[in-house]
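Each of the two complexes below includes chain A, the first together with chain B, the second together with chain C.
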Partner chain A sequence: MANVVQAKNAGSEDPILQYVTFRLADETYGINVMQVQEVLRYTEIAPVPGAPAYVLGIINLRGNVVTVIDTRQRFGLMNADTTDSTRIVIIEVEKQVVGILVDSVSEVVYLRESEIETTPNVGNEESAKFIQGVCNKNDQLLILVELNKLMSDEEWAEVAAL
Partner chain B sequence: MSFDVDQDILQDFLIEAGEILEQLSEQLVDLEQSPDDPDLLNAIFRGFHTVKGGAGFLQLTPLVDCCHVAENVFDTLRKHQRQVTPELMDVVLSALDTVNEMFDEVRSGQMPDPAETELLNQLEYYAQPESEAGEPPVSAGADITEPPAAPVEESVVPEPPVAAVNDAEGDITDAEFESLLDALQGEGGPPSTPATASDPVSTSGDVPASGGDDITEEEFEALLDQLHGAGQSPTSVENENTPPAAQSSAGVAGASGGDDLITDDEFEALLDELHGSGGAPVQKSEPSVPTAPAVSKSPEPQKAAPAEVASTPATPSPARPAAEKKVVAKKDAAAPAAEATVRVDTSRLDDIMNMVGELVLVRNRLVRLGGESSDSELAKAVSNLDVVTADLQTSVMKTRMQPIKKVFGRFPRVVRDLSRKLKKEINLRLIGEDTDLDKNLVEALADPLIHLVRNAVDHGVELPDLREQKGKPRVGEVVLAAEQEGDHILLTITDDGAGMNPDVLRRKAVEKNLLDQDAADRLSDQEAFNLIFAAGLSTKEQISDVSGRGVGMDVVKTKISQLNGTINVWSEEGKGSRIIIKVPLTLAIMPTLMIMLGDQTFALPLVNVNEIFQLDISRANIVDGQEVLVIREKTLPLFYLKEWLVPGADVSRDLKSGHVVVVSVGTQKVGFVVDQLIGQEEVVIKPLGDMLHGTPGMAGATITGDGRIALILDIPGMLKHYASSTR
Partner chain C sequence: MASHSSNDFSSPQEAIEGYLEALLQDVADYEEPEGLQSDSGADSTESDTVIDVKPDLADASGWEAEPEDTGRVFSPSGSVRELSGFASADYSPEVQTQAATHESNAEAPLAFKEDAAVIMPDLQIAEEEITHEPDIQISDEVQVEDISISDVQAEPEIIVEDELEDDISLEDYGVTEDIADSIEETETETETETETETETETETELTENSGWANGKPVWAQERFECLLFKVKGLTLAVPLAELGGIHKREKDLTPLFGQPSWFLGIMRNNQMNIGMVDTAQWVMPEYINGTHSTDYRFAIHIHNSEWGLACDEVAEAISLDPDEVKWRTSLGRRPWLAGTVVGHMCALIDVAAFARLLDSDKVPVDLQSLDMDEE
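Moving on, here comes the complex of A and B:
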């Protein structure tokens, strides 16, 4: 897949980027496809006592233990019940493999870099910091998430120091 | 200084040579025990030779030089021209150390520094036959005027009766060798074939004795005679690879290849003769490269060092078949060794291990489903799968196992060096070298064991005279034993030395403020012995570079506990000491007690669990806000695990009965109230991952038979975190 993307990038001033879109509450978010490893159906998440609040728990990913982050808590949303369409997206950030819990995963969209607009500063400090930009596609607002900023620098540092 | 070589080749060299060097250290110590073992001598000779060959290929000149002289020493030894003496062994062992150092430098990507001149000189001294080398090594060194980098021998070394010209050195490729023979025979005419027969100077037996791969001085001369006599031009032969530079540079050329112990004079004589006989000047086709090509099959004639080629015309004389046989034998020996093993990255093994673990889980699920179904065909297939998976799992486990020999192997050397240094006489006995244990464990055990063995040699075994006074044999014995005991490996280090005096230990502990007098007096002897694991305690009055600083034993203890192992000391004054280490077979699997809290499963490491009983809540008392139980007249703090580990759980204190697991942490015992007991289970520990690593009280996670996750509790960590925060 990487080759395809690169091939398209080559010779083009306005590279095409691929984003995986997922829904959380009533919004659609996008994450860079290169950071997504796989999408899982909801499996039971074992809570870890004493873990930070943004950690939902751990899951068994074919014999490996993967931490799942509570995206709703991160985005300042209310907790919701899991449904049939609830998914765990396994992503790789800063050389760590983590899962994020989302309401549903929709599709992979192709965006030109020029289509991405900077975030309208609506003042929601809590969630704005990890928004990379927004994009209007087919009359729908797509919020692009910068996964590296899903946790603050201090939190990454905290994780790294552990 | 860095150097630029093909990384793949370098890596191969590092791995291969690394193994050879490890073996060498073992073999050298063995050699001291049986100095006349020809197989051993040959093996060591080959070892140095192979390393030299590889290093030569990579142009690691200092390494080549050092290996080369060491190799010469063993060539002399295996021809019985010198006896193995402790002094010689010291030199050779320090040469091995030097080679190892260089090797480390190479590994870190640096060009190694040349070996110390003194060492090389000493080695050279020992490389001479005893009868010839009258001079002590030091003065031999003084004679040498050349810089150390060029191990020039011929100008100094008196001519040995049997010059060590080794065609087996791999300096000449087979093809070259053959063509050379052909050429010589074709051109040199009949005289060259019956070389030995027509040889006027040839002395008896020398050639066959040395395995046919060495050329004696006499033969060399005979060859010269023949060449001379033949009166034909050997030029075509020389064209291929005679560098001798034919010209006046011969002396220099010979020097760099001085390996063969051919003196300059002879060399020049040869050249002269070649000139004379051939008429046409020999063409020098290649520049001389002072390093030897790596392998005998190396298709790089241009690398053949001058002197080696100089030996080439000589080689044909020792009856052709002999030489050929040698080459064939070499091939035979190399082939099976190369194919018997495959190197696999350990991380790949870990992956396989992981996947097999997953397969086992799927199997378990299938077995459960198969049990519910009434289809007999399915049941058959499932039971088949069951067996195959179990076999697969054991085989994969076995691939990770290594014999403990890997660690034990280095001890003969350690003990030998130490005992020589401390002027003690010690015999090391190894038992159960073939005991297999997990690779990681083998590596992790190396340091603690070395420490303990050093201690046994330094503190344990007494000086020979003292031993005699005490009526013990002069030679002390240190026994290192390993055996499998159920799911544990038992390692014991026993010495028949002085043993320990518990009172001295008590006194020392008080002196060093580790304990007060009362506490020290209360210790049982056994507990007193365990004081040696306390930091800062050494009973040795004098500090040496071997031991005596009082650090170390506590490190050993920590290391062993990290491996989930235990360490114990037994000692009797005057009789000796024994240190007993118990470690699990593998680090990956841990026996646990599975419990339920609410609907979550947790695993308590079984090493901590003491007992389990039904709680009668009426027996619980509250002391200073802490619930306690009185069990067999001992009070036991009681904690509700659910309160700690299940957020928002409501713990009803008025239950009539519950399960209490008594765990021990250090000397303290604590009771945990749990909802349900599932049972004992061996689990594979999975790390929690970077993000959760270090979460208080959690040692890791594991996957249960039904694919769910169970957290493994780290009991000391959990108590520290939760018990202190609730109080």
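Moving on, here comes the complex of A and C:
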């Protein structure tokens, strides 16, 4: 019994986290599973005139309008064509539901918090703040993205106004 | 910095020669103050402006016993800007030493005039080549006289201050605040004068990097081992004392978005993450264009840091005597450069300073624009 309690405490000190991994420009990224609502196949995205550059457009998700964010643009990556693997990950951030366009969705991985390592941050671009850390999983480095910092408060308000 | 128009690295030898030539030129520039302060005869081939002149003056007049900076001031570069530079940086030690010898001697100014008179024939001889000689001569005399007068005045003023401070109760005798203010002003003036003198003395010490002693890194106080490695044809050296390890790049790096172009990504090796730095962009940004290959094979891991210097080839380990290295004398714009090893035609990297720079908030993002700005 004591052992069980001890294990529980140890677990609380170093909690196990679940991350949904997706691919973007040949790299693997992870986002907290608690912020992911669902993963959609690529559907046509209706562009919104006058929308910010990081907004690809909107989609109709079971009667609800969801804004889709251009993740590549947000991460400062080159544009790419959509493929059969392209997915729209519906996430909930800052009490808003938005979609992010990714090249593919891989799996859900379990990570211990202690396994997350900090990264050198030498860039002064805004996008550098999105990176929560990296984690070595299955012999590859997983870049963990902090979705809350994906956009500033003003930008979230801008998205909400669309 | 000498600029080379060619940016392609198809000719590594060309890249090496061009770079080291420029690098050594930079180091020579940095060493000028120290050379002026310490010895008079050495490094006669270091300075651009002095090199051509000094032998002529020495040969013409044979004034070997003369202080070197008098010869430097009369260099035929003709540029007022250069002369003012010499005056500010080079004259202070000279003035201090002469002021010390003639500290309480009222003949000190006369001694300077005698020097100038002795130099005059040399200038006349050199006049055939120099067109702006009168300007140079006048500015030099004024500077010497000004500085010597300030030195002479400094001592009596300090004595007066002490007296006045002792007599602060003179306010009772009607000493106004204005007088006290003027005393304070003169006090601060003398302080600033003496401060500027001491600043020039300690200038090299302030700019010297931490982890250095006696003008060289701590690890280079005695004979030390270095590892040579090549980046885009250029040979670089790192001290084994600060080498964390050599990692072979076996798979693609993991790039992180939002980072500068010189940060290639993360390399996972031996259960550790190493941030790979594009060494070529740091060492020779003027040769790097946007499309240069970053297909480096190795990473030179800096000891006690998370950084690695990307390189194409790891060469050999050599043993160096500290005297074989032309050490940098100030941080300059290349704090990562410990010095150059002419015998091996390579630059010696101060990896600890490099790691400190990378970890600092002041690490530059765009190295090429930085280089252009400083040019």
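Everything below uses one rule, namely that the second predicted complex is superposed on the first by the 139 of 162 C-alpha atoms of A that agree within 3 Å, B and C clash if a C-alpha of one lies under 4 Å from a C-alpha of the other, contacts with A are read in each partner's own complex, and residues count from 1 in each chain.
Just so it is clear, contacts are C-beta pairs under 8 Å (C-beta built on N, C-alpha and C of every residue); 3 or more make two chains touch, one makes a residue touch a chain.
No experiment lies behind these values; they were computed from the predicted model shown.
Room for both chain B and chain C is found when the two structures are superposed via chain A, with no clash between them. In the superposed model, A:Ser114 makes contact with neither chain B nor chain C. In the superposed pair of complexes, A:Leu141 makes contact with chain C only, with no contact to chain B.
Seen from the CA centre of chain A, the centres of chain B and chain C span an angle of about 130°, rounded to a multiple of 10.
In the superposition on chain A, A:Asn79 contacts neither chain B nor chain C. Shared-chain residue A:Ile131: touches chain C; no touch with chain B. Judged by the touch definition given at the top, the superposed model places A:Thr67 against chain B, while chain C stays out of reach. Using the contact criterion defined above for the overlaid structures, shared-chain residue A:Glu27 touches chain C, although it does not reach chain B.
Of all C-alpha pairs linking chain B and chain C after the chain A fit, the shortest spans 24 Å. Across the complex, chain A meets chain C through its residues 26-27, 75-77, 117, 119-131, 134, 136, 140-141, 143. The residues of chain C lying in touch with chain A in their complex are 252, 254-260, 263, 266, 268, 273, 275, 306-307, 358, 363, 365.
Chain B meets chain A in the complex at residues 354-355, 357-358, 361, 600, 644-647, 686-698, 700-701, 703, 707-711, 721. Against chain B, in their complex, chain A makes its touches with residues 44, 46-51, 55, 58-60, 62-67, 96-98, 159-160, 162.
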